[in-house]
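Read from first to last, the chains carry the letters A, B, C and D; within each, the first residue is number 1.
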Amino acid sequence: MQVTEGTKSRNRLPDIRATEIMAAAGARELRDGEVIIVGLGLPEVATVLAKRTHAPRLAALLEVGVMNPAPRDTPVGLADSRIFYRATCWSGFLDVMGMNLHRGVVDAGFLGALELDRYGNVNTTLLKQESGKIRYVNGSAGGNDVASLAKRVIVIMRHEKRKLPLAVAYLTSPGFVGGRSREELNLRGGGPSRVITDMAVLGFDAKTHAVSLLSLHPGIRLEELVENTGFPLHIPNDIPTTPLPSAEELRLLREEIDPKGLHLK
Amino acid sequence: MQVTEGTKSRNRLPDIRATEIMAAAGARELRDGEVIIVGLGLPEVATVLAKRTHAPRLAALLEVGVMNPAPRDTPVGLADSRIFYRATCWSGFLDVMGMNLHRGVVDAGFLGALELDRYGNVNTTLLKQESGKIRYVNGSAGGNDVASLAKRVIVIMRHEKRKLPLAVAYLTSPGFVGGRSREELNLRGGGPSRVITDMAVLGFDAKTHAVSLLSLHPGIRLEELVENTGFPLHIPNDIPTTPLPSAEELRLLREEIDPKGLHLK
Amino acid sequence: MVDKVKSVSEVVHTIPSGSHIALGGFAIARNLIAVVHELIRQQKRDLTVSQGVVGLDTDLLVGAGLVRHLIMGGGSLDRFGPAHCVNRARETKSLHCEDYTSLSVCFRYLAGALGLSFIPIKSLLASEILERLEAGPGAENVKRSKCPFTGEEYVLLRALTPDVSFVHVQIADREGNCQINGPRWENEEQAKAGRRLVVVAEEIVPTEYIQRSPERTIIPGHRVEAVIHQPFGALPTAVFGCYDYDADHLRLYVEHAKEPERFKEYLKAFVFGCRDHWEYLEKLGGLRRMEELRADPILGY
Amino acid sequence: MVDKVKSVSEVVHTIPSGSHIALGGFAIARNLIAVVHELIRQQKRDLTVSQGVVGLDTDLLVGAGLVRHLIMGGGSLDRFGPAHCVNRARETKSLHCEDYTSLSVCFRYLAGALGLSFIPIKSLLASEILERLEAGPGAENVKRSKCPFTGEEYVLLRALTPDVSFVHVQIADREGNCQINGPRWENEEQAKAGRRLVVVAEEIVPTEYIQRSPERTIIPGHRVEAVIHQPFGALPTAVFGCYDYDADHLRLYVEHAKEPERFKEYLKAFVFGCRDHWEYLEKLGGLRRMEELRADPILGY
């Protein structure tokens, strides 16, 4: 149930979509043999891509109680029967979120975000409008559980100033709240390690726990990134460029993993 | 795993065994529609007899995770595959002992006993010999759980002075410890309601919580009972006789439920 | 053998207004649609509803104005849209919502199912979810505490024991032995936490069928008060192995749910305008549409 | 695909003396005989063993003098007799035994499996079991406390997280996805509580077989470190659906277990005297005897 919005192309490259760069960047965050809690959309695409390339032994768990499915058709949600297909285990929340996530065996979990602040705190609950009016959205579902308990958290989201504010309107899922360490916060999980947007890959400073720029996607200018970020961003002296997906990665993404472009649109 | 020993015939009736009177008395303690935790031996025989006569809707649960089995062959224990046959549910301890017994939906549970004292405390753990030497036996298994949590407990045991002492050598499963109420003991279950032996049916006084005689089996003399009881027993003025099993009950016991006389020997 | 098969209206008649009901649906899967429609027709009011991840069933009840208190871990109608009625009711403060997470609702049910009055959890800490709970009526259900053995900080959760738990299953016998096909989210804990338990089954099978694979019995019959036999009872949501969700109707629902006035039209047409679930199924396209939605035996959808 | 199939001796070589191992057997069903024999042959000492209801596997280990500390809910070899070696070791104080009950051991495993460092229970209160625990080394694992919401008195239990959990299953694939046939006692909680998890499977199946009924997967492969493929690996105890217990050998075992000297003879003949489990099976009667014990497909024994 983690929210990840459809993300229209942002980069200037004629024949590669930002979503494809994001999926490849997400896949590179996963190591072979790890246990992953997958959300729908790009997180699932990234996980399948990793599994089809460098990490064939990934264990992919879905909150509802599905392990290692091999969907034949693209599902619209985590409760969509399409994502139950060819699973190796069907159980439930208690097993996946309790006996795996809460047990501490989940290496990485993906989160989407309506808002993410400079300390990696995530809001998926509500939005405050100019008028002060509140609009409720989906809430936590497994998001807060993953943020609290996974060894590391990877956030995939669209890069917009309003979505990356100084402070989130509602703190659904804790990162490094107030720049404090996870130990200080009494949280077992390691917290956010990466934020993958349609403009850049962001990380967190080991000391300050604040967001810092790791790499800019090809064709994205630094000014553009800064303009579109609502909080001060630590910028390194020389800025690497996010690697493009390889030809094989692009082939897998376009021909096998999401041929209809449901998530890579 | 509740211990119930084989009980050789004690009464003077030529053609009815004490075990058959015990089984019928046990069956009469169960009401239709109740949820029962069954031990092996006479408790199982009594439960099946009740189900085949006045209580067809009994739910019979076995600790290991078996519900309503219909064994074709007589099992030697609760882990014997013979008792898994034609069950309606196979689960485990957590379901049977946790989500049923601890949840508070079990109406009655059977216990066996090495020793039982005047307040219905049961010992299934060890025996102290004259020499003071200790001999360990089976321990609790589910016995303490049933004694603590079932709405009422029915003990089936052999009637001997050494098995019915003033105080048990080890208090494995609490009855009305020290004559106190179950509330005082912080126990949820109602505690022991009946003790069915090969000489009599015993109950517990609502005020003193001490054992009292409810009925003598046919052919058993009161003096004999008192001689074979290690603690002072409350004796009513007129003593009812335990009803004999009906012809149909005897037929079911001998021809269908335990034809080999494994438990009715 | 106890025959517990009852009609949905019989069962709903026994549920007083003000009850706490737990619904076993998840987003757009195995929702208690037949039950919720009947609760609306019989206008059961001031309900407390709990659900791990809310779906269309809860959104309908809230939209119909029958829910006073909602206990949930979040939720939406997946890609079809948000739970408009739930979100709007929160915005207009016509509903008190106790926000949790998927796991914390599951743990509250687990405690209820095990007969524990409380259970610890390591989620919620350092979140606004916990702060809001502590600041509101939820305060009586959460308490920060430390492990007596390790000193580690936990949130203790109060057990959740709904007055009536409803679960939609693929298969049950007349005594209520139930087998669920596909993932089960928090259904086992939610079902066994209930003081009363009612199941809606797509198919009624002989007990002998249950006895052929007793390891698949998730809910044993002796826990079940009533079995409602209602094929396509979860439409427009999906039931794995039986039928797919009705995407057209889900879109139509979301369109109407956006606006209170249009939602009234929806209720009029599809709930109040139907005597029972069979009439509703006719409005969805009847036999022909049901056959289109029927699941492929290999794919399950 | 990860191939985790290993030999029992390979696996046992990785287990240091002094480890806490959890055994998944129950009385005379699905005992870890092949593993226990190898632990004895390799003389792994000072073990802590935990088991809900002890069986022949634990009795063998204790009789071989390899167990320092036993955590159990009780147990016996059912009608074949008591666990003589366990009882004798307690009488001679050569073993420290922490006595619990079936449910309290299960709850300790459940807490371990869920990553909770403690869990409440309503058993044990007002019993000598609790008093003895509080008076001995068990004191660090139990604590009386009250529910913060209801004030009700509970015993809090410390989570049990064995160094290595062993479970004997009927079916596994090479990655370790396991399906258990028949009742499962505390196997799921015991398996998932382990820091390491090793399964012994009667039969290895292709993953595609697992994918045909994933609802029967009790242990998912990613939790499993090694899969030991050993047909008749639980003899003389029974494996439902595969073979019956060997009543003759159980009687022979109990006869020997009664006397320390005779038990030495048993170990010499059936453990030290066998290079591996196949040689042991030959001593039990080999192919012909195995075929006699093989289960009827309908009865399961």
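The rule is simple: a contact is a pair of C-beta atoms (placed from the backbone, for glycine too) under 8 Å apart; a residue touches a chain by one contact, two chains touch by 3 or more.
Only a predicted model underlies this, so the values are computations on that prediction, with no experimental measurement involved.
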| item | value |
| --- | --- |
| Joint neighbours of subunit D and subunit C, given as chain labels | A, B |
| Chain at maximum distance from subunit A, centres defined as averaged CA atoms | B |
| Between subunit C and subunit A, distance of the C-alpha-averaged centres to the nearest whole Å | 28 |
| Inter-chain centre distance, subunit B versus subunit C - centres from mean C-alpha coordinates, in Å | 41 |
| Interface hub residues of subunit D, defined as touching at least two other chains | 115-116, 121-122, 152, 182, 215 |
| Junction residues of subunit A - those touching two or more other chains | 87, 90-91, 94, 98, 102, 149, 188 |
| Pairs of chains, among all present, that meet the touch criterion | A-C, A-D, B-C, B-D, C-D |
| Complex interface listing, subunit C residues touching subunit A | 26-29, 52-53, 55, 72-76, 78-80, 82-83, 86-87, 90-91, 99-104, 106-107, 110, 121-129, 152-153, 182-189, 238, 240-241, 244-245, 295, 299-301 |
| Complex contact set, residues of subunit D against subunit C | 115-122, 140-141, 143, 145, 147-150, 152, 156, 158, 180-182, 215-216 |
| In the complex, subunit D residues that touch subunit A | 1-2, 113-116, 173, 175, 177, 192, 207, 210-211, 214-215, 217, 220-223 |
| Complex contact set, residues of subunit A against subunit D | 33, 35, 56-57, 59, 67, 86-91, 94-95, 98-100, 102-105, 149, 188 |
| Sites on subunit A touched by subunit C in the complex | 1, 40, 62-66, 72-73, 76-82, 84-85, 87, 90-94, 97-98, 101-102, 124-125, 133-145, 148-149, 170-174, 177, 185-188 |
